[in-house]
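In the two complexes below, subunit A is the common chain; its partner is subunit B in one and subunit C in the other.
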Partner chain A sequence: MLANQIGYYSLVLGLLFSFLLCTVSIKNFNDNNKKINLNVFTLSFLQLTFVVISFLSLILSFVNSDFSNETVFNNSHTTKPLFYKISGTWGNHEGSLLLWLLVLTLFIFLFLIKSREQPKKYRILTLLFQQLIIIGFFLFVLMTSNPFNYLFPVPNEGLGLNPILQDPALAIHPPILYLGYVGSSIIFSASLAAVTQNYVSKKWGQHIKKWVLISWIFLSIGIMLGSIWAYYELGWGGFWFWDPVENVSLMPWLTLTALLHCIMVLEKRSNLTSWVVILSITTFTLSMCGTFLVRSGILNSVHTFANDPARGIFILIFLFLLIFISLVIFFLFHKENKKNLNNFFWLSKETSILINNWFMMYFLSVVLIGTVYPIFIDVMSAEKISVGPPFYHKLIIPFLVPFLLFMALGPKLKWIKSKIEKKNSLIIFFIISVVLTFFILKNITTDLLFYTILISATLFLFFVTLKDLFIQRFENISQAIAHFGFSLFILAILFNSILSSEIITNIKVGEKYSYSKGEIFFKKIKETKGSNFNSIIGYFKITDENNKVVELNPEIRVYNQPIIITSEADIKTTLLEDKFLVMNFVKGDEYFNIRYQVKPFMIWIWISVLLISLGGLVSLFKNKNEK
Partner chain B sequence: MYGKKVKLRLLFLALILFSVVLSIFLILQSLKDNVVYFQSPSDIKALIEVDKKKIRVGGMVKEQSITINSDEVNFIITDFKNEINVTYSGAVPNLFEEGKGVVAEGFLKDKNYLSATKILAKHDENYMPPEVKEAIGDK
Partner chain C sequence: MKNKLTPIILFIFLTFCFVVFYKGLNNSNTYTPNTNHEKNIPTFKAEDFNSNVYLDSKNIFGEDIYYIVNIWASWCIPCRKEHPLLMELSKNQSIKLIGLNYRDNLKNAKMFIDELGNPYAQTLIDKNGTLSVGFGAYGVPETFIINKNKKIVKKFIGPISKKTLEEIKTITK
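Then we have the complex of A and B:
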């Protein structure tokens, strides 16, 4: 009860601090003082503190199962394990918006204390733009999604958290993802401030790059966690479904990646200023668009909580306001720096980065159109359509080949004007890749030409970056790690999709199912009880073609509150392959529907994403040491 | 005539324009081939010709209609006006039950018969695919 009130009033106070901050900093902006007024720091810190208090009190309400709080009532239950009571805080619409606010206020505070060597006016403007976003979200939370609504009479028991969200990967997925997804707001605010001050320069590039890297690292890992969860929890055995909800997280990732690359041009050559600004604005706009699509109920997924049209309208208006403001600022204030255009040569690092950006924008438009088109058609003609994976595969995979080749060659080029050095080693690598691919693939795929081209390009990148990692100059180590990670990522995905095999059948207890490569024996089932679910564990013995035996025990859980059935896949992971078994009942019958998959190199997909993020991390620390 | 700067700018603009047009064309072209239309059993009954394209059919799983053997699951999707038989040999989602909403994706054999390649069911008790909601809301 008390926690509820503290939480609510902290939020209101947080909003008041926004207005105070704006007044104080505008005053500060116009005075002659060279430094930012200490009050600004204090106020920003206090605002953060109040949001933290509000957030902690919501957690406390969840931990204590205080059902006088509507959010807790809707999303928690006394029998839920403590860990999921806590993670339930952000596993719902209201709580996750509070997390948004927390990240927004945290980032602006960190920005203020970490940007001391930047001009005062620029810092204050960044603060103001960020406060604009923060005020918008405070109003959104308080008006349409208050996490501290009272319920009276107080119910004895809550409705429980959707069981598919009761999972360790998904418990940490939102906070990590938000640090990237919402963290991009600071890039948005800072770039608008820099445009207004005509400060889009080398120095600004070096400074904003850190923030781009931080967002990018967290976004990459956040997306990966969501993907791991989908892999073992949704039971399809895939890791990416081109579901609209996945797409809306991928889109800001693509623009961030583009931004990350072209900011290097700004940093080294003070070129491409407008493009950097446009990308910064686009990234956060795409984050907001994603939030709008997911939270308004237009897209349906586990991320869609109770729908309320007022929320959608609020975000939509806010989104248009932000886009409008940024466009006005961009066109009114932006002056392009033209002096460098004269030294432009085709064969240079700049061109290769532009090519990277071209590909990113192409991938972005594919994903964007694939995601938005069905909504558009629905609104225009009330016809329901869906755009499936074949669309994305057809448009993206062929373009990966040149993309990978440029990715291998681009970093070899120098700024301004360059020649390709050490042509011989590159040619040798290329030949090795093609020959190796051909022999690996000769017997395992029917689509030989297609995969040979694709995998040769990937292997080429793999070898080139591997060599860079071990022999080459140390200064580019972050790039080498990230690009190497990417080649590993594509290799893992390709081999995974070529070599995966799958058996789906309906089977009774005690039965054996034989297939071309082995046998599945359904030994028995056992019923057990968890704290908030009953479960049926199936005992399976699977013998493969080499007479190797693997025992897998997938589980069907029947949660009591809410009553939902989930399947917990059993996965045996090794460095070479994952063996994945999931079972399901088909109601009212003794048959179980089972799906057994052998998925090679699955773990390498996750490892490679971590490697890519590690590349970002190294770059972040390298940047720090240079100063 | 023109300075190098202007020429370079024009070249850039032309390149960007060209690649934008090309990618939009590519994307729209493959959208045409890869879009899956959603239809209710009644929509299918009203068809004049059975198309070979992949479609999605949504509605409720009819009570008492699920039959199962070791290879496949058969059931009937109904929108309470018309119904369609579905045969499916793949993994069944968690919340696939009689009397609950379902979306089956696959190919029509004829107007009464769908051979499904994928079945989608709702994620939890509150969530229902919008298509299903609409199909049932029609009744």
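Then we have the complex of A and C:
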């Protein structure tokens, strides 16, 4: 109860500090002092502290199961394990917005103390733009989604957290994703500040690159965790469903990736300034847009819970306000460097990065259209449609081939001007890739031509980057790691989709089911009790064609609050393949429906995303060695 | 010229987006087809929830009154939310509520009804979901209004709200 009060008033104080900060920094902006007033740091720190206090008190309410707090009542239950009580803090609408605020205030504070060598006016403007966003979110939280609403009479028991959200990967997924997602706000504020100060330059590029990298790394890992959750918990045997909410996290990733490459041009050649500014603005706008789509309930998706038009309207107005402000600033202040505008030599690193940008923009438009098209159609013609994976696959996969080839060749080019030299190794790699692919695929797929082209292109990237990793040593090592990771990623996905197999059958205890490649034996079932669920565990013995035996024990859980049944798949992961078994009730109790899948190279999908992120991490620390 | 045009076009486009999103918000998740697309109810045979007897659709919709078909499942969280409203609706004597239990486990479904009450005059089992598809459903929960001519006149996607409840009441008056 006390925590409730503390949390609420800390938020109000945090908002007051925003206004104070704005006043102090505007005064500071106009005086002749060369340094930022110390008060600005203190105020920013205090604001952060109060948001942290507010966040901690919400956590405390969750841990103590204080049901006088409406958010806790709606999303928690006394029998829930402690770990999920804590993660429940950000597993709901109100708490997740508090997390937004936390990241927003944390990043601006870090920005202030980490940018001492930058011009004063630029830093203060960044602070002001960031405070604009912060104030917006404070108002949003306090007006429409207060996490500290008081309930009286105090209920004895909470409503519980949706069991599918009780998963370790999902518990850490939001904070990590938010660090990337909301972290892009600082790039947004900084780029607007730089535009107004006409400071979009080499020096600025070097400085903002770190922030882009940080956001990008967290965003990559955050998206991966969400996808791991979908794979393990949803039990559909897939890891990416092109669900609107997944798309919404992918879109800022695409622009951020393009931005990351543009920044390099800015940093080396002080060019592509418009690209950099527009991408910075778009990235954060897309993050906000994502929050709008998810939180307003305008989309139908597994992830949407809140459905409150008042909230939607608030974010919508705020979102468009930010877009208009940033566009006005861009068109009024931005001056493209006329001297070397777009006169890149056709064969140069700059051109290849520009090509990369256009690819990213293409992928972005596909995902964006697929996500918002149903909304537009709904409004204009009152017809409901849904856009599924075939749309994305058809439009994205063919373009992957040239994209992969450019990814292998682009980094080989030199800045300014490059010559076509005899690159024997590249030609040899290309031939090896095609031949190797052909022999691997000859017997395992019917769609030979399509997959040969796709996999040869990937293998080509794989070999080229692998060679770079070993021969180039430290020059451009981050690029080599990230691109190598990407080739591994596409390879894993492709082989996974070609080689996966699935068996679905009804089976009862003691029964054996034989299929062409082996046998499934249902040994027994056992009933157990967890802290907030009862479960039935099935014991299965699966013998494959090489007489290898695997024991899999999938589970059916009946949660008590709310009463929901979930199927927990049992997955045995090895480096080569995942064996995946999930069971479900069938009417009449005696029979169970089982789905057994063999999914090759699953773990490599996660490993490769980690590698891609590692590339970013290396770049963050090895800034100076890059060419 | 070109430089002035870009911001203007962008501005118009963004305003358009804003309007669409704004309207989209108010649409919420329920949706109603045009009334001139009135559809006949499908003919089918389905198993009764309580007696396990197979019933013919002609007998189910036999009376000369309005019917409300509600598709639900025990695993569907929004269904839990709309259930009290259905209970309220069931007090209305001039209509009959038919439940379609969509791809559910019978035991859980019965527990669900025992816990929250039974608003349905009759519940049918739709084990594999084909029945619901026949009605033109996209998922659970969905609610259909069937008029005296046995035509589907209105359909609500997503849980019914107080507002849709009023709408149902005015239509079926």
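Everything below uses one rule, namely that the second predicted complex is superposed on the first by the 608 of 627 C-alpha atoms of A that agree within 3 Å, B and C clash if a C-alpha of one lies under 4 Å from a C-alpha of the other, contacts with A are read in each partner's own complex, and residues count from 1 in each chain.
The rule we apply is simple: a contact is a pair of C-beta atoms (placed from the backbone, for glycine too) under 8 Å apart; a residue touches a chain by one contact, two chains touch by 3 or more.
Source: prediction; values computed, not measured.
Following the overlay on subunit A, a clash is recorded for the pair subunit B and subunit C. Within the superposed three-chain model, A:582 lies in touch with subunit B and out of touch with subunit C [touch as defined at top].
By the document's definition of touching, both partners, subunit B and subunit C, reach A:565. Once chain A of one complex is fitted onto chain A of the other, the partner contacts of A:438 are absent, as it touches neither subunit B nor subunit C.
Between subunit B and subunit C, B contacts the larger number of subunit A residues. In the superposition on chain A, contact is made by A:391 with subunit B only, not with subunit C. Contact with subunit C, but none with subunit B, is seen for A:331 once the two complexes are overlaid on the shared chain. Legend: residue contacts after superposition of the two complexes on their common chain; A:366 is shown touching subunit B, with no touch to subunit C.
By the document's definition of touching, of the two partners only subunit B reaches A:507; subunit C does not. Once the two complexes are laid over each other on the shared chain, residue contacts for A:323 go to subunit C alone; subunit B is not touched. Clashing C-alpha atoms with subunit B appear in a single stretch of subunit C, chosen from 5-13, 59-67, 113-121 or 131-139: 131-139.
On subunit A, the surface touched by subunit B in one complex and the surface touched by subunit C in the other have residues 162, 300, 384, 386, 562-565, 587, 589 in common.
Residue ranges on subunit C touching subunit A, taken from their complex, read 6-7, 10-11, 14, 18, 20-29, 31-34, 74-75, 77, 80, 105-108, 111-112, 115, 127, 138, 157-158.
The touching residues of subunit A, counted against subunit C in their complex, run 162, 292, 296-298, 300, 307, 309, 312-313, 316, 320, 323-324, 327, 331, 375-376, 378-380, 382, 384, 386, 562-565, 585, 587, 589. Contacts from subunit A toward subunit B in the complex involve residues 162-164, 235-236, 300-302, 304, 306, 338, 341-342, 344, 358, 362, 365-366, 369-370, 373-374, 383-388, 390-391, 394-395, 504-507, 513, 562-567, 582, 584, 586-589, 591, 593, 595.
Looking at the complex, you find that subunit B touches subunit A at residues 4-5, 8-9, 19, 23-24, 26-28, 30-31, 34-38, 56, 66, 68-73, 89-98, 123-127, 129-131, 134.
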